[in-house]
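In the two assemblies presented below, chain A is common to both, partnered first by chain B and then by chain C.
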Partner chain A sequence: MLTTATASSGSGSRSPVRLAVTRFTQQPWGYLLPAVIILGALAVFPLIQLARMSLSEVGPRTIVGPWEFIGWSNFRKAFGDRIFWQSVRATGTFTLVLLVVDLVVGYLGAAVLSSGTWSTNLALRIMVFVWALPPIVSGSVWRFLLAGNGAINSLLGLVGMESVDWLSSPDRALLSVSLVAAWASLPFSILVIHGGLLSLPTDVIEAARIDGAGFWGLSRHIVLPILRPTLAVLTVLIILYAFRSFDFVYVMTEGGPGTVTTTLPYFAYNTAFKTYQFGVASALAMVSMLVVIVLAVPYMLGLRKEHAG
Partner chain B sequence: MTRHERRVVGAAAAGLLMAAAGVGAASAGGSHVDGEGAETLTVWTYYVTGGQIDALDAQNEMFEQTHPGVKIDHVQIPFDQLAPRLLAGAATGDGPDVVLDNVVVDFPALAASGALLDLTPYWDAYPDAEQFPDSAVWRTDDGIFNVMSYTNLLAMYYNADVLDEYGIAPPTTIEELESAMAIVAEAGDYTPLSMSGVATPEGAWMFMPLLLSQGVGYCNLDEPSVEGAFTTLQGWADNDYIPTETATWDQADAWLAFASGDYAFGFNGNWNLGELAGLDFTAGTVQLPSNGSEGSVVFPGGEAIGIGSFSDNQDLAWEYIQSGWMSQEASLINFNTTGQIPTRADLADAPDLQANELVQPFVAAAGSTANWPASPNTAAMQNAMGQAGSAVISGALSPADAASQVVSDVTSEIADGGGSC
Partner chain C sequence: MIGVGRRWGHAAAGVLSVVYLVPLAWIVITSLKSDDQIRGAPNALAFTPTLDVFREVLDVGGGAIVTSLRLAGFTTLLVIGVGVPAAYALSRLASPGWRRLVTIAMGVLLVLQMVPQPMAVIPLFSILARWKLVGTLPGVVLADVSLLLPFAILLLRPFVLSIPGAIFEAAELDGTNGWQRFRYVVLPLSANGIATVGSIVFILAWGEFIYATTFLTEQTRLPVSGLLAQQINLYSVSWNRMMALAVLTSLPLLAVFLLAQKRLVQGLSVGAVK
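Entry: the complex of A and B
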């Protein structure tokens, strides 16, 4: 169609402007331009500003006025804060809990739900609902469930057990919040792994079963190796999700008791919006971003190399 | 870079920070004319309790009746997000017409950011200005940015039914309170005390009277005094006078616990007085028990009113503040609905206030308040104190370690804020 139209219109009769437009629209980057502009305005530009802010003196007095460049001072201040290293450890623990729960329980859950019966389909639908719940809502519900006189402790009382300080004990608070966050992200992991399981070559699975492979043997030697790319992407997504660990901390513990559940994003929030040190908070956000890049990019590059090989 | 460009840049950065922290974008504010021709004033608050909302509705209704053609649009913003949204608004040139902010924590930041309008010209021309004490007028070297029509203070609520059951008189000292709590704890039917101990300025506000009654505040913190107060707090947690979850309770949580009827005592503010009528038990109030030479001393609290710098109708906003908040009629509506104490001097002897026995401890507390530090880093100091108190209650830190940590943090914030206090 395009060839016919071009031939019939005759290139000799075209104005230079029309010709330029035609050439422009025939290039792939021309079609990419709207996306590039939107991405640049909504992602790249704010990121550049965040980087600028992290290198500038920005407080309530200066957020509107010109920002004075102060080099690495905000980063030094952030690294020198005792809460910073504690929040790094808390974020690490949070990430680890999410990885273990989402990958291990996620795989087992997806394996169970891959049978395709009406009950497993119903379970999958319920999980989509859980996944779609806003963290502020599910976090509030869990906060009430885990309260001293909440439903979980009431259940423990019914079986003769002592109440547990789920959210106010320094030994349990971080684990409790991490597990709730893992509960919220588990449906996503199950759905992703479930999708991967559906695409497994059935003939290979059947052959392995005929050869006597059980669930663990199948998983170890066939399913997990085939699912490796899926699990790799999922791992990166879980790490990204963990480094955004703000909502549940904010709703359930406000970073406490003390600063036990203060993760990096919550620390950045606290620094920016409770003590109004926007420059230092931007430095913390940059550090978070850097950690995610350091963790995720080599893994993805390695995976791509493996695929290419 | 032009002012407009700087605003765009500031807005982008503030937006990214808020997005990174999971905070939603600020809703649009400012006065406007709706389809029916009515002029709308946008008022931002973080009110959540029934009494405060009821009072606001009644005051707005009164204002709308006396100002036909004006509508008040009340926007409720979560407590923690009000100041950030105002600051983000300052970067974009947007914001409400009128705002009720948490002045004791956020004033230095809001006044410095340009989010609030300088009220000096309005205040200088206000005929009733002399009715308000200096503590109700919040100013910097650049002008007046907030005024308070009411003040909120802390006192101790008690469940009179529980105290009658155990033959306990309302305590006035910490020693008496601890004896009373020991009796209640030993009986085991009720929890002795509900209070906030969350790791934020809220928790610090509730804990600080233990130090203030010894003449110790943020500007003269010393480790032995703080350790002593933290040891008291730790003792309450260890003896089950307060539940461990106090370490994550804000004031609303503490009030809900007391209102459940399961607690003998509750430290809380006068803004809850309006809800006493709905409780299933008889409640009483006394000043916070003291443990030092200064008697019962608290920090004055409450919201202050300001006009957004980018309001399109600043004169109408001031008229709303004058008639809807600072006037005698509005102050009494507010008091009778919430129990929040008017700051107007000519209402001190008003029959409404005198007739209410439950409010008297709060009125007395208003006469023995401590001064807030005059430092731009006040919020950071309170935050550090809240974190230390929460850590002690939960057992995460010993009183000695928490005291050492908070004294170091507060000293450094004072120095960082310019050294003045």
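Entry: the complex of A and C
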């Protein structure tokens, strides 16, 4: 299973040979030390600092300290901000669009592409390439395609329709950006579900097919239940992806028009680097971190369960 | 396979290919247009392709490519140099105590990998400012390393784990020490994995723009991805320039994709969260 290879190796290597070997292995500490130092200083320490900053008064002049402890005041300021609640809603919408597109279209796409012909293999390859593109690249081409004088609108013009403000209308911008992000992450979903479909027990499928099950019956009663652990992990991954979805907002709309497409990560970043309220920004980041941590637990449990089952 | 015919497969493949190929083609097509063409008919399909805008971008931002090369190169070197030994340490289960530690370390790495980058950038800015590294390339390299190292270790570990234990046993019978086993067993036998993870790290570091634009305050020092990100701050975006920069930002991916597509796809999928 593609997604689980990283975590599965944790418990799956207790062969007698390996155990016999490991008894003689020298202390592995030395090999781990450089990584511990670097990650300690640049990944773990920043998280501690982030927590401290969220409880302190940190402005542009005091970015390196000393920080004055001010309790929950940054959080109060953040929660009292209208834009905060708007960004929570925007993040929610963004996540929802990603989930619907990536899971529903992802499943249908993977099912339809699982016939394994030259054309489906080619389509998968193209999609994977697009998925691997830096988000700033795919974001900027969509900014052009959806611009007022962009290709989508001139295509609409060719068939006699009026052009649409994809990115500049407050009603439509969030949906447009969300759909582009969904477009960019869909290949991953299809790839993961495709992998799951390939590992289905063929005899069960055949038996159900002989009993007269069509695509929908097969999906509902056999395929989806078997794929449930995979889909659960995928769901968590999509939500996490949505929570780091900064790039598409940054490139396509810069949070606008107004603050319509300002998602939580974008709001936190702007609060830090546009208005230099590092303390409030840290509080916003801590709120997002909480979501990540809440999701990290079922993710890891899901990985373990999928590996066991 | 699950009751969907080939005809549906061909149809879906056709639709999806168009939906994904057209934007790709649009990047390349637009980057080959001149300023006049962009002003007049930005979406025209019939035009004389010109490399003018690439020439101009390279004239003005030739340094950006050097910056990108240095950033991605040093990041990759550091990540691999630190990540491979770490993956080795986390693969050899020396004692029950160590095994527990490996479980914990894997958990920490998974969580670190999930920290959203726009969040991590806030405290990192403070830390790098304290070390006087804001505005310098080493600062961005360190930030990139911290971003990609957890991911790289998680990706590298299965490659080290897949080395058969019998080989280690044989090496031990020959009286090698831990370092020799690392140097003469682990490195050669996981060379494929190291190459795969190294290219992925290089591609990701090349396309990274959040750290680059936040930490490198002078525009002249930005890498290609940073220049692309900066385009949106300009009063009027010139699409051909933006798409030329998009092409340059995608070059390493294109190169690796053409050379070692299968391995790249496997490696990226294993990393899951990305």
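Just so we're on the same page, the second predicted complex is superposed on the first by the 248 of 309 C-alpha atoms of A that agree within 3 Å, B and C clash if a C-alpha of one lies under 4 Å from a C-alpha of the other, contacts with A are read in each partner's own complex, and residues count from 1 in each chain.
Definition applied: a residue touches a chain if its C-beta (ideal position, glycine included) is under 8 Å from a C-beta of that chain, and two chains touch if they have at least 3 such contacts.
Treat the numbers as computed from the prediction; the structure is a model and nothing was measured.
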Partner chain(s) touched by A:P60 [first = chain B, second = chain C, both, neither]: first
Touching partner for A:T259 - first (chain B), second (chain C), both, neither: first
Partner chain in contact with A:L167 - chain B first, chain C second, else both or neither: first
Touched partner set for A:L96, first chain B, second chain C, both or neither: neither
Which of chain B and chain C A:S119 touches, first, second, both or neither: second
First, second, both or neither for A:L156, with chain B first and chain C second: neither
Partner chain in contact with A:A268 - chain B first, chain C second, else both or neither: both
Most chain A residues touched (candidates chain B, chain C): C
Partner chain(s) touched by A:L50 [first = chain B, second = chain C, both, neither]: both
Touching partner for A:L218 - first (chain B), second (chain C), both, neither: second
Chain C-contacting residues of chain A that also contact chain B: 45-47, 49-50, 53, 58, 63-65, 135, 147, 244, 246-247, 250, 254, 265-266, 268-269, 272-273, 278, 281-282, 285, 288
Chain A-touching residues of chain C, taken from the complex the two chains share: 1-6, 8-14, 16-17, 19-21, 23-24, 26-27, 30, 42-43, 78, 81-83, 85-86, 88-95, 98, 102-103, 105-108, 110-112, 114-127, 129-130, 142-143, 145-146, 149-150, 153-155, 157-158, 161, 164-166, 168-169, 172, 177-178, 182, 203-204, 206-210, 214, 225, 228-229, 231-232, 237, 239, 242-243, 246, 249-250, 253, 257, 261, 264-266, 268-273
In the complex with chain A, residue positions of chain B that touch it: 1, 3, 6-7, 9-10, 12-18, 20-23, 80-81, 83-84, 87, 90-91, 108-110, 112-114, 198-201, 243-248, 250, 376-377, 379-380, 383, 387-388, 390-391, 393-397, 405
Parts of chain A lying in touch with chain C, wherever the complex brings them together: 2-3, 5-7, 9-10, 13-15, 17-32, 34-35, 38-39, 41-47, 49-50, 53, 58, 63-65, 109, 111-117, 119-120, 122-123, 125-138, 140-145, 147, 149-151, 154, 183, 187-188, 191-192, 195, 197, 200, 205, 209, 213-215, 218-219, 223, 233, 237, 240-241, 243-244, 246-247, 250-251, 254, 265-266, 268-269, 272-273, 278, 281-282, 285, 288-289, 292-293, 295-296, 299-300
Contact set on chain A toward chain B in their complex: 45-47, 49-50, 52-53, 58-61, 63-66, 82, 135, 147-148, 165, 167-170, 173, 244, 246-247, 250, 252-260, 265-266, 268-270, 272-278, 281-282, 285, 288
